[in-house]
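The structures come next, written out as structure tokens.
Two complexes are shown next, each including subunit A; its partner changes from subunit B in the first to subunit C in the second.
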Partner chain A sequence: MSGTTAEPAARFEVPPRPRTWPRRALIVSALAAFTVATCLPAIGGVEIDLGAIARNWRHGAANLSALLQPNWAFFPRTVQPMLETLQMAFVGAAIAAALSVPLTLWAARPTNPNILTRSAVRAVVNVFRAVPDLVWATILVAMVGVGALPGLLALVLFNVGIVVKLVSEAIDSAEHPYLEAARAGGATQHQINRTLALPQNLPLFLNQWLYALELNVRISAILGIVGAGGIGRLLDERFGFFAYGDVSVIILEILVVVLVIEAASNILRRRLA
Partner chain B sequence: MSSTVEARTRTTATRPGVALPPRPSRRGQTAATAVVGVVLLVATATLDVEWADLRDLPAAVRDYGTLMFADPDWSRLPRALFEMWRSISMAWLGAMLCVVVSIPLGMLAAHGVGPAWLRLALRGLFAVIRAVPEVIIALVLLTVTGLTPFTGALALGIAGIGTQGKWTYETIETLRDGAADAVRAAGGGRTAVIRWALWPAALPTLLSFALYRFEINIRMSAVLGLVGAGGIGSMLANYTNYRAWDTVGMLLIVVVATTMAVDAVSGALRRRIMEGT
Partner chain C sequence: MTLDTRAEAGAAPASAWPIRLDGVSVTYPNGTAALRDVSLTIDAGEMVSVVGLSGSGKSTLIRAVNGLVPVTSGTVTVGPYTVSGLSGRRLRQVRGHIGMIFQGFNLATRIDVYRNTLVGRFAQAGALRGLLGVPTAHDREVALSALHTVGMLDKVWTRAGSLSGGQQQRVAIARALSQEPSIMLADEPVASLDPPTAHAVMSELERINTERYLTVLVNLHLMDLARQYTRRMIGLRAGEVVYDGPAAEATEADFEQIYGRRIRPQDRLGDRT
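Right after this comes the complex of A and B.
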């Protein structure tokens, strides 16, 4: 009895473990080498100065405790800049929303079969997206002067990049039997886009527009640091005077506004879905 | 087959007066659109912007575009590459710090892992960190560590915890329960569930998110440079202040090329990780 079961068991051995360790060791050592290279100040890496934390943590603690004592008397002065920030965020998102519709339809394959115009739009959008938001703002401030206009333009450029990329990729990866049906029925590309692609993808657009609005509130709060209007300028100014009580009020205000916008857009998103 | 067709024709034939259902009311939607439109109009009208300045914009773009890109100043390229590496280092170390902190915290914040009070506390913490802009965290930190790239890396590390923690617990929560149940049935405790069920299943997604954090940080490190943390952002801010447009053009080319290259490499790695090869 026992002999009959032992025999087949001897034949079916557990397969040998795949040898993954050389590969794993290679990956880990590559990551370690990259990390070490990022810590070498001689070639531009970051000098990790834990000693500075040990020496100066009292500074930070003092500042943090100062930040935890908001000077509420300052609140009335923050209302106007905060409103400007929200206006910039909202108007910027709206302009970007309007611009993003044709650009997205140009950048997606099912809505624009022409490879030349499609790649051109994609390339431009990708380049624009690679420039960080505040870098745009810095350059635009130098070009059109200090104020809300460069901030607004930076937000629009930034939003268009995000919305066009995310929505056009979503359109690309979805199946589109209805578009093919319309094409088989002899519709022109413009008719297809207008009557089918746009209504079908409107929820995607709405979702990303809301996301852009959320991002804008966060970004426009700091645009003022480079002179592009909004509450960031006040924040920078108060910080320069070491008026941490005032800074605290501004940060708390930004925090509340961002959380409210995020909650509101979550509710909206659930209703849209 | 034919009987169903017959049945269908019979019902329509015998009941010709079947009315169409009423159109669904779109009053709410119309009202919402109207409110958004009015708010938008008011916001645009009261925004303190000289819209007339927009007329000069095309000319300004052309002028500055020529100044920046007609003849970029490549003599400062070595310096730019040095500073770019500093920004990349900031981004990388920030991403490592962020991931190392947010994976355990995010796991504890997932449903079915940590206790409810801890879950709520951690989620609140993540939400608060998400709401504070990175620049503000950097401004607070620089009183401790000074105007150094180290401050930038720390700020990126802390600022990312909010989003990264959220992604971590969302990843854990979307895992199937099977493996965790199996470990529990075999007598495993909380640590055993995390080590043998959740960790191996979530690892590819978490690694992919870690690389994504690096991509985000590449952009953010340039922004932190603008407020003085060093790296390519600081160089860009300086030369913009000097109005040295040919150098600014070169720096922009470096930033765009590096960002796109990092995105491409990291994106390819992420795809490989997620496909499990």
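Right after this comes the complex of A and C.
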């Protein structure tokens, strides 16, 4: 029985297996050396004091046990800021969605053949996206003052950056045969974009709009730390008072809200696909 | 359907235009010479096939007629207009008089048949209606009557992507007809269809030619379709006209000269079923 299966294999002339392990070993050891080097303060690496964990463990354990005892009585006070956070997230995503439609169509090649305006829109949008959300929030708090408004503006800028980049790249990489037909029929680019390209690519937009909303709920929860309104401001305040029981309630609440929004968005996206 | 109901439905018979190419050469930016010094005249109301293998320049020839491909030298004239050298609004205006259908149907698949057909009315839209994308009552009537002509009126609210290939090509024909064109261009209109559907679509083009009195220029690579549906045939090989004469009398030797090789079974579609 074994003879029948083994026999043909013996006749194969298997070429010698290439020796790859020296190269692999070299790469792994180089990575390891680099990692170690970044942790040596003597040669300019970051100073990581692992001993701090051991020295402060009692402190850490006390805080941790405090966090594990949520002060449920605090919950009613979190409702209003949490609603403000959700409002910022939804309104920010909605405004960004509206702004993203023309910007995306101007930033994609099939819907804007003019290289000058296309590059200009892309450059501006890349700046929106490259600046981290918390940095936007910090700058905007300095510009328009503390509250929900700078948070909202930061979210809009960040969302526009993400949606325009992702959707315009998806439009760039897709086939658009209807464009040639419409051009052959004497249509203007605006007519094509308005009546064909936008409805044809709407699922791409919806997908990224939902993704932006998910990101917003997560981001807006911490925007308050830099003074941009919402639950984050309360979190920062309770932390300042060392009220870990209250902090614990806030963290749990953020966790639940984020999970619920993500689940809802996932269901919606599956419906769209 | 009788001519009376057609007139009632608002499809006014258009006047056919002649097509004239004078010493037309097209060289693509990558250096490929797709057309070399092609001169030919197609009379108003003729139905002419352009036969050649892929790469022979027949797609370029048909796209030079409506300016989708700019000519490198020579002049292209359709009806009262010189297409070569036109751009912008003037070019769109001329294109409005030239309907075109494609091998891949080129419909916006996520959009319903109705809105796909209305694309044929874009060239006629005024500035404000073009901006807003609102069709006039006359536009709707012309589009619906075109759908009626090709027998697709019952699918008017169906998404184009959910139709079969033959149905999609009929909608594409309706889109071109709703331009109320003077010339109909067809670039390999049946190459993606099965034989019975291919014959149905070719018959449709034949009917458009006789009943609407349109000049029809159709690219084909199958010899029997050219013989069966067109009176005059232009053979292209490596960007040059190697045959121009009656399609029915073209001999096997003529086709072998056009193809530059012996006749193979796949050069025929097979008889009408």
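In this section, the second predicted complex is superposed on the first by the 228 of 273 C-alpha atoms of A that agree within 3 Å, B and C clash if a C-alpha of one lies under 4 Å from a C-alpha of the other, contacts with A are read in each partner's own complex, and residues count from 1 in each chain.
The rule is short, and it goes like this: a residue touches a chain if its C-beta (ideal position, glycine included) is under 8 Å from a C-beta of that chain, and two chains touch if they have at least 3 such contacts.
Not measured: the values here are computed from a predicted model.
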- request: Could you tell me if A:Ile139 is touching subunit B, subunit C, both of them or neither one (first, second, both, neither)?
  value: first
Message: With both complexes overlaid on chain A, does A:Pro199 touch subunit B (first), subunit C (second), both or neither?
response: second
Message: In the overlaid three-chain picture, which partner chain does A:Gly186 touch, first (subunit B) or second (subunit C), both, or neither?
response: second
Message: Looking at A:Ala73 after the superposition, I want to know if it touches subunit B, subunit C, both of them or none. Which is it: first, second, both, neither?
response: neither
Message: A:Val91 in the overlay: touching subunit B, subunit C, both, or neither? Say first, second, both or neither.
response: first
Message: Between subunit B and subunit C, whom does A:Tyr178 touch in the aligned arrangement: first, second, both, or neither?
response: second
- prompt: Which partner does A:Ala30 reach: the first (subunit B), the second (subunit C), both, or neither?
  reply: neither
- request: For A:Ile254, decide between first (touching subunit B), second (touching subunit C), both and neither.
  value: first
Message: Once chain A of both complexes is superposed, is A:Ala130 in touch with subunit B (first), subunit C (second), both, or neither?
response: first
Message: Tell me which touches more residues of subunit A here: subunit C or subunit B.
response: B
Field: Complex interface listing, subunit A residues touching subunit C
entry: 177-178, 180-188, 190-191, 194-196, 199-200, 202-203
Statement: Within their complex, subunit C touches subunit A through residues 66, 68, 91-96, 98-100, 102, 104-111, 115-116, 118-120, 122-123, 125, 130-131, 133, 172, 175-176, 179, 185
Field: Residues on subunit B engaged by subunit A in the complex (per definition of touch)
entry: 39-40, 43-44, 46-50, 53-54, 56-57, 60-61, 64, 81-86, 88-90, 92-93, 96, 127-128, 130-133, 135-136, 139-141, 143-146, 148-150, 152-153, 219-220, 222-223, 226-227, 233, 236-237, 240, 243, 248, 252, 255-256, 259-260, 263
Contacting residues of subunit A [partner subunit B, same complex]: 34-35, 37-39, 43-49, 52-53, 56-57, 59-60, 63-64, 67, 84, 86-88, 90-91, 94, 126-127, 130-135, 138-139, 142-145, 147-149, 152-153, 218-219, 221-222, 225-226, 229, 235, 239, 251, 254-255, 258-259, 262
